[in-house]
Structures are given as C-alpha cells and as structure tokens.
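This report refers to the structure that appears directly beneath it.
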Amino acid sequence: MFNPAAAIEDSPASWSPAPVDPAQLADALRPFGESRMLPVRAYLDERVLAWEREHLFNGWLALGRTEELARPRQMKAFAAGRGGVLVVRGDDGVLRGFENACRHRGHELLACDGVADNRAIVCPYHAWAYRLDGSLIGAPGFRNAPNFDPADHGLHPVELREWHGWLFANRGAGAAFESHVEGLDTILEHYDGADLVTVETHEYDVAANWKVIVENYQECYHCPSIHPELCRVSPPDSGDNLPPQGDWIGGGMELRDGMATMSLDGRSDGAVMTRLDEVEQRTVMYIAVLPNMLISLHPDYVMTHLLVPITADKTRIRCSWAFPKEVAAREGFDASYAIDFWDITNRQDWSACESVQRGMTTPGYVPGPLAPAEDGVYDFVHYVASRYAGQSA
Amino acid sequence: MFNPAAAIEDSPASWSPAPVDPAQLADALRPFGESRMLPVRAYLDERVLAWEREHLFNGWLALGRTEELARPRQMKAFAAGRGGVLVVRGDDGVLRGFENACRHRGHELLACDGVADNRAIVCPYHAWAYRLDGSLIGAPGFRNAPNFDPADHGLHPVELREWHGWLFANRGAGAAFESHVEGLDTILEHYDGADLVTVETHEYDVAANWKVIVENYQECYHCPSIHPELCRVSPPDSGDNLPPQGDWIGGGMELRDGMATMSLDGRSDGAVMTRLDEVEQRTVMYIAVLPNMLISLHPDYVMTHLLVPITADKTRIRCSWAFPKEVAAREGFDASYAIDFWDITNRQDWSACESVQRGMTTPGYVPGPLAPAEDGVYDFVHYVASRYAGQSA
Amino acid sequence: MFNPAAAIEDSPASWSPAPVDPAQLADALRPFGESRMLPVRAYLDERVLAWEREHLFNGWLALGRTEELARPRQMKAFAAGRGGVLVVRGDDGVLRGFENACRHRGHELLACDGVADNRAIVCPYHAWAYRLDGSLIGAPGFRNAPNFDPADHGLHPVELREWHGWLFANRGAGAAFESHVEGLDTILEHYDGADLVTVETHEYDVAANWKVIVENYQECYHCPSIHPELCRVSPPDSGDNLPPQGDWIGGGMELRDGMATMSLDGRSDGAVMTRLDEVEQRTVMYIAVLPNMLISLHPDYVMTHLLVPITADKTRIRCSWAFPKEVAAREGFDASYAIDFWDITNRQDWSACESVQRGMTTPGYVPGPLAPAEDGVYDFVHYVASRYAGQSA
C-alpha cells in the first residue's frame, strides 16, 4: 500500500550511502593539488540537502551559548535544524536537553529563542506540566483516564554538551563529543570561553547553499578581491590551516604590525584576553566546527556564525559577537568597532556566495580546481565528499 | 511514453486507498481514550494534502453566503479550492453553479469574489457570452466557422445546494447533500439562517495544516491556557459534543450567568434571534461541516470560518460575522463587540496552531494521546483516519 | 547507486521525445479551424517547464541589445534562462559570448546587466583573469602548481549572433541562425535596427505561464474587450499573420486614418523611420521570435518583450522601448507617448493572462477551440505541440 509520507521522509536515508554518484566524486576526493570542487549538483539539488539533513546534520549540532542558563530553573529554546531543542538547567544544576515539542499535540514548549525561569516546563497550549528532568508531572483533565500513565509521556531527551560556553546537541547519530572536537580544546584553552558575554547578534538570509558559505569562510584567497578592510589589518596570505582532526577544520591568520584586532582601523575598544600567549595575541583563528558553526577567535572578542540550511540555495546565518564579561560590563563599552568591521565583511562574503550560487546554475559549469591557498576549502570538500561516498573522514 | 503531467496530477488519486500507511493509522483509529493523533506526516507532507484534495475536498464544499444572489441575473464567483465556482441566479429564480472558467481559453468569467448583475455571463477576455443556464449564446467571429457548434461549449455545471443561507458546491464526488448534513437541520432550525446579513469578513493566512486548525476548533481544553477573554464569558469545560452524523462534528458550550454572548464584556449590541429556545439563548454551538466550514452559532450572531488549504503548512481562513437583517439594518449598529472578541480569539488560536505545526517538525515527535476533553478532536481525527484507511465514516 | 541529483536534472531530458502524452496532443495538432489549445497540463506542470527548458530554451535565445557593446573591450552580462551569458567585444572588434561563470568556483564574471570596459575579464571573487577571447591569462597563486595548465581553464564559449542590433545566444541545440530567423530580415529591413537606442525598460512579474503570454500577444481577438485605448488607434480586426517560417510567428495590424502610431492619442512625439515604405508607415508588426522575444515594430519606435520563465505559473518580462538615435538624441525628447500607451496595455494583458492561468486550474477545464481570428495562436500552439510530439516544426 502506497505510503507517500514515507516516500518523502524516508527516501533521503535510503539514498545511502551516497547522495551523489561516487563516480562524480572521484575528482573531489583526489589529493590536494589535483582535486576539484564538489559536483555542482551538491549545491543545487534539494534532494542532496535532504540527504545532508539526515546524514550530516543528525549528529552534534551547535545550538548557541549557555549564558542565559546560568541558574537552576532557567530554560531556553534553541533552533536546531528541523524543530528546536529546549535546554533546561535543573534544580541539581545539570543542563538537560529535550525536543521542543509537547508530547500531547506537539506545541512548542517555548518559542524559539524564548527564555523562561520556572519550576516546571509548562506547555503554553494545554498546560501539560513537566519536571525539569522532562518527566510529566501531570496533564489537566486526565484524573480518571484509565489508559494514561504520565510515565509514558516524558519529554524526548536530547544529548547535550556544554563546551567553552557553547551548547551542542546530539540529535542521535553523533559519536562521542570528544572525538567530534578532538584537538580543539588546546586551541580554545586560553580564550575566555564560558566567561564570554554575547553583545549582539545579526541574522542574515543568504541565497546560497550552506557549503558555499563554509567554503568561502575557509579561504582568504578571495580577500584581496573583495575585502579591502580586512586586508588592511590582516595579510590575506598569512597563516596556515591545521591538519584535519575530529569534525572541524580551520587555522589562523596574523594581524599586521600595529593592528590590535579585526576592526576598521585595527584598534580595539575592548581588551586582550588575559591568558592568551604572545602568538595568540597576534592571531585570528577561523574554525569551522562542522556542520553548522564557524568560530572566529580574536585576541579581544569571539565571533560565531551558526548556519541553518533553509533550502539548497538559501541559508540562514546568525552571527554573534561575544566579549570577556569584564569588558562587556564596562560603563560605556561600545562593541561597534568589532561589529561594524564584520558586518561589512560578512556582507561582502554573502554577496560573493550568492553570485557563486547563481553562477553554478549556468549550463555546462564544471567543478573548478583549487588554488594552493585553498587547502582549507579542500579539507571541507574532502570531508563532505567522503561522507557522500560513505567513507569515514 | 512518459507523461510527466499525468504523473503529477494523477498520482494522488492512484495512492488510493490510503495516503498514509494503514499500519500507522491503527493508533488513530482505536476507541476514544486509547487513541492517538494522526501520524505526523499527515500534517507535514504535501503529498498527503494532494491526496486530501482529491479525496476529501472533491465532494460538497461550502462556498459562502447567497446574500448577494437574491435577485434573478445576479451572479458571484466563489473561491473553491482549486479554481472557483460561478453561481448565477437565473431568470427562473433558480441558482446554478458553473466552473468559473471560459470554455474558450480558460479566463475566469468573474474575478474571485466578484459580483455582477447581467442578462448573460460574458467572459471579460474575448466576450464569449453564455445564457444564465450556462449554454453558449455565441462567440464573436465564429459566424462562418464550419466546425463550431455552440451546443458543444456550454459552461461546465457544478451541483449546488442552498442551505440556511449558505451555498455548497459538489465538485463531483459528493453523495446526497442530505446525508452530508444529516441531523444538522434540527440544530440550525431556530437560527435566522437565510435571513442573516454578513457584516464583516477577515482573511487570515495561517502557517499551519488545515487539520491543525479544525482540531484546535473542536476542543476548549486549550481555552484556560490561551483564551482568558473567552473563559470570562463561557466556562471552558461546559457543554458536550454531539454524536457524529453525516460529514459534520461539533457541539455546544454554555454562556456564563449574566453573559449574553461571546464578546469582551459578555454584552450584546445586537439582539437575540427571535425563534431560539431557552437553551439556545444560553448556548454557543461550534460545528465543523467537513472539510472546509466551521459554523459558530451565537444567540445573536453567526460566525463562519471557511478554510482553503494552500500548502501542507499553510491555510487561508476567511472569517465572517453575520447578523439578523433587522439588526444589521439598525441605524448606527456596531458589530465590533462580536468582531473584536473573535479577532482576538482567532489570533490566539492561529498562534497556537502555528506553534503546533513547527513543533511537529521536531525529529522524533510521535502522535500524542487525547485528553478526555478532546472528544471533538477524536471525532475529527477518526473521520480523517477512516478516509485515509479507505473505510466509510 | 542512487544519484538524486541526476534524477532531478537529467529526467526532463529523458522524457524525450514528449513532455505531454502525444495522444493528448492530437487535438492541438489538427488543422486550424478544428484544433484545440494545448493540454492544460502544459501550462500548470513544473515538469513540462523543465522539459521546455531543456528542449525549447536550449537553442537560440534573444539576450538584448548590443548598444552598450559598440567599442572594443566593452562587455555586458545578460540574463539567459538559467545562469547568464557574458558578451565581450574583443580588440579585434568581434563579439564573443561565454557562460557567465568563472572556471574556478563559478562566481559570475559580471553581475547580471552589469557592464564593464576592460582589457581583460577579471573574476571579482579571486581575480582569475581571462583574455577577451576567453582564454585564461592566469590565476593568482598558481605559479608553482604542477597540475595546473591555464589552457584547460578558458571560459566556456557560447555561440553568438548580432542581428539588427539584437544579440542572440545559442546554448547548444540551436541550428543555423539563418534558419531560426528565416524570412524575417525582409520584414526588419527598413527599420533602423542596429541604430536604435533603448530609452526605457520596464520589468513585470506576471503570474502566468510563458505560453499564455505569447498566446495573448499573438491575437487581437481580445482587444475589443480589454484594450479600449488600442482599439482607438488600431482596428483590432485589421491585418494578417504571415505564414510560419523559421522559429518565428506573427503579422501586422493597421493604424487607423489620422493615427501616426500606437499612443494614447495616436500622435507621435518621435519621427517616422526614414526608410519605411508607405505600407510600413501605416502598420504595426507583432513578431514572436520563439521562444523568448516579442518584437513590436512601429513606424517611429520598436518595443521588445523578453520573457524569462520562472515557474510554470510565473514569468518575468522585460519590456524595452527603442527609438532612432537621432530622435533619442533630440533635446527634450520625451518617449512617454509610447511608454505610457504600452504600459497601460501591457498591464491589461498581464491581468488577463493571470486570470487565464487561474481559470485553467479549475477541475474539469478542457482545452478550448480557437476562433477564426486566432490563427496566430494556432501557429504558436502548433509550434509547441509539434516539439512536444517530437516532430520538426
């Protein structure tokens, strides 16, 4: 008997192990220097995105910061690809994550980005009430219902990890978090991590595939062409990428002499984080924690981009700027030196990404070669192509 | 030879007899108290909606009111799912319905919601003229055309029924209208029906599946949580649903002592309909005439919602308020006491429905149980699930 | 191994030789006077549009005017269905066309409608530089790359033709341009062609299939109903269509006595083109160069419509008005007499086309017959239906 719903929802998974014909992936999987970009269909085809949702976005995903979850009984709903994740700090101080949908009719327990401070999780639709550990306290009107056991209707748990002030959720297919971020703790060690305070968030809707955005982030080969402001403070050919480890890629770039940070004039209105070593004080690190977070570590602030694929050719990006709490708390502190610089630079990037997306629709477009300066793009392309091909990274 | 058009248009019908795997429907079809909501795919999957268009929206559909069609030669075009229906009152006083598309090139004979008063139906594009019975009078320029017989090009008729002032059209698969509304005449008997005058119509675009909206309408279990205004005038736990009959479901709720009707202060600026009995004067009836009309009978006015599914997660709703004609004709009559109350309440409902729609996209969401107060939802879910499963109601 | 991308992109081609069941096309292919319109699915089904993109829009397409490409080193990017075409005039004076996508990562070489004047074609993203003949000069950072040969990365050429001041590109499947426009040079001979100057362009988004728009253009049977302004200056039943030749259809209509051109009062604020014969001075020619350009030749100006199908029910139209260069250069020359007339008339047409598109969604709509005055529509329908059926025109 035909099951249309199953056809739509299940098919992506049944495309396993490859959303793109492996023969077409051979060029992407060659060694760096001989390889090509991904087959163009990887950027245009909704069915590839459907496969990616099931296979790349079903493990550890970055949700955001824990800043608003410092005290017991605080809770916040985070967007997380399809649907959302409700994160709650229990009376025991432990953070727990749940699918953000009531077990009754599916109403969101808290609106996306919403925060609350409550002794229970109460669905706004019919007042079903859950303990902070997700177990159902009770549902109005079920007093005499013979077939209803609250124990059967606890919230669906989602595995959570708090890491340097960021929250990650595992939607089911993520392996050990330690292997996801293997080797990355060393890099983040001297930054203020959990003590950072987010000062501003911008949301951008970009008409490009999420992978075009990651590829753009992982190279500065384009900087001389489109980022004059960036090139004034950081030499575009500086720095190196780190050898791939875990599920992240990236590396660092240097600040020019006399430049304190990434800003329009190279000056900082904040303060260098106190535990940074001399090299870190002169470096900006650009790390993509795959699939959905880009972390940019500056000497005096940390910028993150969180990506939500909307369609094959549209991505929602939330860019946040965070500062050490002592700096953010200063009277009259003005973060615009960092925000303005990156808002300008972000928009230059999104414009280029959208042009790439349009250009790739041209008939006869074939994947191009990578320049020697695009080793970061290679790392990303290889990561994705390996998964398409069903190999481990 | 491949026929892509046939593939798109015909497939939904060929999914018969079930758009959702019957195994998944077993939980929805259990007796009340043990059953679950519909499989989540029924709310998310465009192919289920395609099936519903062919199998649930292809019989009797409510179009609207006949008020503007009182006199011979008056005509009006009503939206009716795909395309529209032109309703015309002939010189013989009989109402007739036609597909609202010229037999020549398909131009609408009258724009949706348009009214006209004319001796003939004249297509605005090339002036093909039809008699009020739909037969073609003539088409300009065909005088000497050898192969053209006007008798071959009459408008496609649509079966119509006028009922208590509302118009219903049968797009082909509806059984006898009497069985469609079986038992409902008794309920409507004392209301002013055909003598009501529509005073205002609001159009809402709601980002939720049409079934989420019907389910929300059929229970007041959510009222204490989201409708403080409603609870002030009507006890949310009052009343009972009627046993399902025909293709409608629903029941009544009581007004609190001292409250005359559903309004922000419980007062009416209209008048109780004269033929209502004592119980009806203290009751509001909430009836869903499936699949597309919700009728809310108040002592002093009647509100209707007409639903048009746009996509699986979007529904257009037209909400109209009608009053006895003597009331509507009063100098200075102000209907805002009824309109304001329900506009506020409608928006509370749409907000909840949209949250349910979003929440159901959460991975791992499974259909929840129904509360004892959700017997009206059960009746609706059972109606839909039975049709999915190919059973008669 | 499943290849979803291939499924989406390749299927349309594999529907060959027919996007619509030939049995359904029999009515459209009968002789004029007995034939019907295309099967309704041809106007509603995205998969038919996908087929048309591969089979009707893959040969010669009109891009626009060469006016901004008069001198060597001038270049302009034109929209051309999927992606765009970059047109460059070389130092040798020759116009060349290229797919508007860099061979590296696919960024557009020039934004759509963008113009430049440069000794090289430089990609804005990573500064890959190409000679004006499309060959790669070099790519930054590849100096020591062992596997990179610039000769492998020249721009993909697109065949171009300049014709009476318009540019046409062949995306691969076009036969000889001479046969595409066979017989049309005679008609255009006395008009100023390459010497025209475009004065204004309007962009319209129309909620109708591109074929509905062409059909509307090819008959004036609708003029008495919707174009009172047009009928005042040109008798709607005047003129004749020419026998089909090449890939174009159309014919002429007369101006009424005392009317100099198509304008609201029939007067011209321009000047009759000097080489027109007496008949041409009293005629407006309406020619559709299939699939995407409509040329309207007036005694004193030329209007063109370029069509870009967006979806099966949406078309983007760019309408341009061009005048002899001596007229356009006159001090105080005001083209609004021509622009206002056609902007009004265009909007009347788009409104009718949108109503046809909606009306065709009505269940049970069947293709209608053509009136004796719709021989131009017949020519178009026969052209399209023949291609659906896999026959040559």
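Order of writing sets the labels: A, B and C. Residues in every chain begin at 1.
By our rule, a residue touches a chain if its C-beta (ideal position, glycine included) is under 8 Å from a C-beta of that chain, and two chains touch if they have at least 3 such contacts.
Since the structure is predicted, the reported quantities are computational estimates derived from the model, not experimental observations.
Undergrad: Regarding the chain B and chain C pair, does the interface count as same (over half of residue numbers shared) or different (under half shared)?
TA: The interface is built from different residue numbers on each side, given that under half of them are used by both copies.
Undergrad: If I superpose chain A onto chain C using their CA atoms, what angle of rotation comes out, to the nearest 5 degrees?
TA: 120
Undergrad: What whole-Å value do you get for the distance between chain B and chain C if each is reduced to the mean of its CA atoms?
TA: Computed from C-alpha means, the inter-chain centre distance equals 43 Å.
Undergrad: Mind pulling the chain A residues that touch 2 or more other chains?
TA: There are none in chain A.
Undergrad: Within the complex, which stretch of chain C touches chain A?
TA: 1-9, 58, 82-84, 99-108, 111-112, 123-127, 139-142, 144-148, 153, 156, 171-172
Undergrad: Hey, which residues of chain A end up touching chain C in the complex?
TA: Touch residues, chain A against chain C: 14-15, 17-22, 24, 33-34, 37, 39-42, 44-48, 50-51, 215, 221-222, 224-226, 352, 355-356, 358-366, 368-369, 371-373.
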